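Going by the order they are written in, the chains are A, B, C and D; count residues from 1 in each one.
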């Protein structure tokens, strides 16, 4: 936490007035929490717990037991439990742009529900599986290998929720007529959710390119996913930046064009 | 009807179908033993490359497309099949 | 990239694409972004398949022997024919001949719809006789690659229905929309041609 | 445009809180909270001895797991009334509620599962119990973000007549700080941060109870003064 907290006040002090007066402050705060979250997320899963890159599903039992006993898994768990609430913020940040599109609200609701279901099964539960193993070293190896499998399969093999979420995102971008996000991003997102489908074989095989640490199911999916995440992020940044002031929810009534009316006409 | 048959697209299609049957026959004939057979593999892969090229060129109308699109799609066909064949021969 | 922007000027109703000089990008340029990316992604799969095949020729050859080459070949012809009619339909739509375009797209749809149907006739007996994706690496590749391809086919059929509806109902059909869908369908065809050679034919 | 619906939903909170209090008071696992230092055999023995109580509360907990959702939903509506540039805070809040509630339900499942077949291998009963405590005590991330979203919406609100008094926002920030120690319960088996310790258990549950009470009052007030105000939602 200290990293960003220490960073924030400096620009704030310099442009104290302009910073506070930014009309899109809520969106910017949400937006800048995203890299913070993803860095933590990466930190938790890679250098701290070494859960990622995934260990082999075919590891020998002593190896698995050894890994499940590493204390760092617990520290990773703590950081994740503190930070996983930021995942909804990043999703909400993306949802704001989908909300501006000319598509039905059903798209953003689908994304929202996907985000809700995905957070536990794809993030918290797997991490807890590893944490539980490290928490009580007394468990026998059968329990530990089960937790190991459960953790990896839930983390890598959780498919449907993210699939629907990114499908709705892709479709919204492609069908949108307001040009909020570039069309090619929609097509890129289709690959992203098809790679989610490609992860299905991890439930079947324990070695080779389709295992959960395999060339096809993991590494190839990652080479598509990581740039995608960064590109989405940059596109969202530009979308927030380019949103005209008159279109904001807090725009003064005289600035607000008539078309915004129908959007905000929801009852109490 | 004759216009349809004389249409260049139909001629391309006839060619594609013929080579599909030919390549199936090659596989059935030369590859019946289900053993490594470099002749069969080279033949069917080259035929597949030509087929892919024809579809891209004529059906997808890349023939009339700007140079960058021609270059990218042809590059894909050439690159892919070069890689496939070299991986194949390297593994023998 | 400037060519791209010019190629997709919307609402180019029934006019012929300009053949002068720089050429014409058929359909939406972002669809081409998708097509080229998809070709590359499948390319990675193809090369990966070849690499792992090279590790164990014996296994792949033995497994290959259990595939149904007949259905594979028939399906190839189905997709080729479907592609032909899509191309012919696009040509007719461009020439402003809506009746012919509709007719050809219907035929294309019928041939395209036969593909998943035949695929089921191929898959179900295989799965019933124990040739599941877990059997070995060849069958894993076989099901994953043909499965993803089948998803593409399904999406293509949906797109084709939208094209049909567009040609039927809209006052001035947008040729760029027809071209976009056609481009996608031909890509599905191209991918199958490579898959057919890799999975069924090569030795 | 009236606020009757919001008021009805708000008043489902007191009975929900009463049921939660009942569940808390009769839950054998909480009186006193089971120590993390117990061996699997001791845990299994405890579950064998308290099947009725644990299973009963697990069922009750399952039934009322989402009982506070209406309160949170009304909060979301009030957040969306704040004059900010978008509803990003509302959306983040709603997703957080969904995620946090799921974690609670999983905790409830695990305790219920342990009591359902108490003759199970003690290792597994102990594992279910550990998992339940993990999901019950540790995942404070979502409620922290939830409260921060709420506080931000109050701080950033540009309307001349604020929806909430500012101290409600300060209070929400304070709860974030008070809830945070629970996350560290994963690291310790004894002391104040262990899952049965005063910081992880007592402080967390007390904070949550006070938080619900304060929010209930604040929301009643906010809805009362909402009047004909339109709500920008969704």
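The rule we apply is simple: a residue touches a chain if its C-beta (ideal position, glycine included) is under 8 Å from a C-beta of that chain, and two chains touch if they have at least 3 such contacts.
For clarity, every value in this text was computed on a predicted model and none was experimentally measured.
Central chain (C-alpha centroid nearest the global protein C-alpha centroid): A. Rounded to a whole number, the gap between the C-alpha centres of chain B and chain C is 14 angstrom. Spacing of chain A relative to chain D, judged by their CA centroids, is 23 angstrom. The mean-CA centres of chain C and chain D are about 51 angstrom from one another, to the nearest whole unit. The mean-CA centres of chain B and chain D are about 62 angstrom from one another, to the nearest whole unit. Contact of a single residue of chain A with at least two other chains is seen at no position. Shared interface positions of chain D, i.e. residues touching 2 or more other chains, are not present.
Counting only residues that touch two or more partner chains, chain C has none. Taken chain by chain, the contacts run in an open path, each chain touching the next and the two ends left apart.
Listed by chain label, the pairs that touch are A-C, A-D, B-C. Of all residues in chain D, those touching chain A in their complex are 1-3, 5-6, 39-40, 77, 83-92, 94-96, 98-99, 102-103, 106, 123-124, 126-127, 130-131, 134-135, 138-146, 149, 152-153, 156, 158, 180, 183-184, 186-187, 226, 229-234. Residues 3-4, 7, 17, 19, 22-26, 32, 36, 39-40, 43, 46-47, 50-51, 53-55, 57, 61-62, 64-65, 69, 73, 76-77, 80-81, 83-84, 86-88, 90-91, 179, 182-183, 186-187, 189-190, 193-194, 196-198, 200-203 of chain C are the ones touching chain B in the complex.
Residues 182-184, 186-188, 190-191, 194, 197-198, 201, 204-205, 208-210, 215-216, 220, 224 of chain A are the ones touching chain C in the complex. Across the complex, chain C meets chain A through its residues 28, 30-31, 33-34, 37-38, 41, 44-45, 48, 52, 132-134, 137, 140, 144, 148, 151. Interface residues of chain A, counted against chain D in their complex, comprise 23-27, 29-30, 74-75, 77-78, 80-89, 91-93, 95-96, 99, 105, 112-113, 115-117, 119-120, 124-125, 128, 131-132, 135-136, 138-140, 142-143, 147, 248-250, 264-268.
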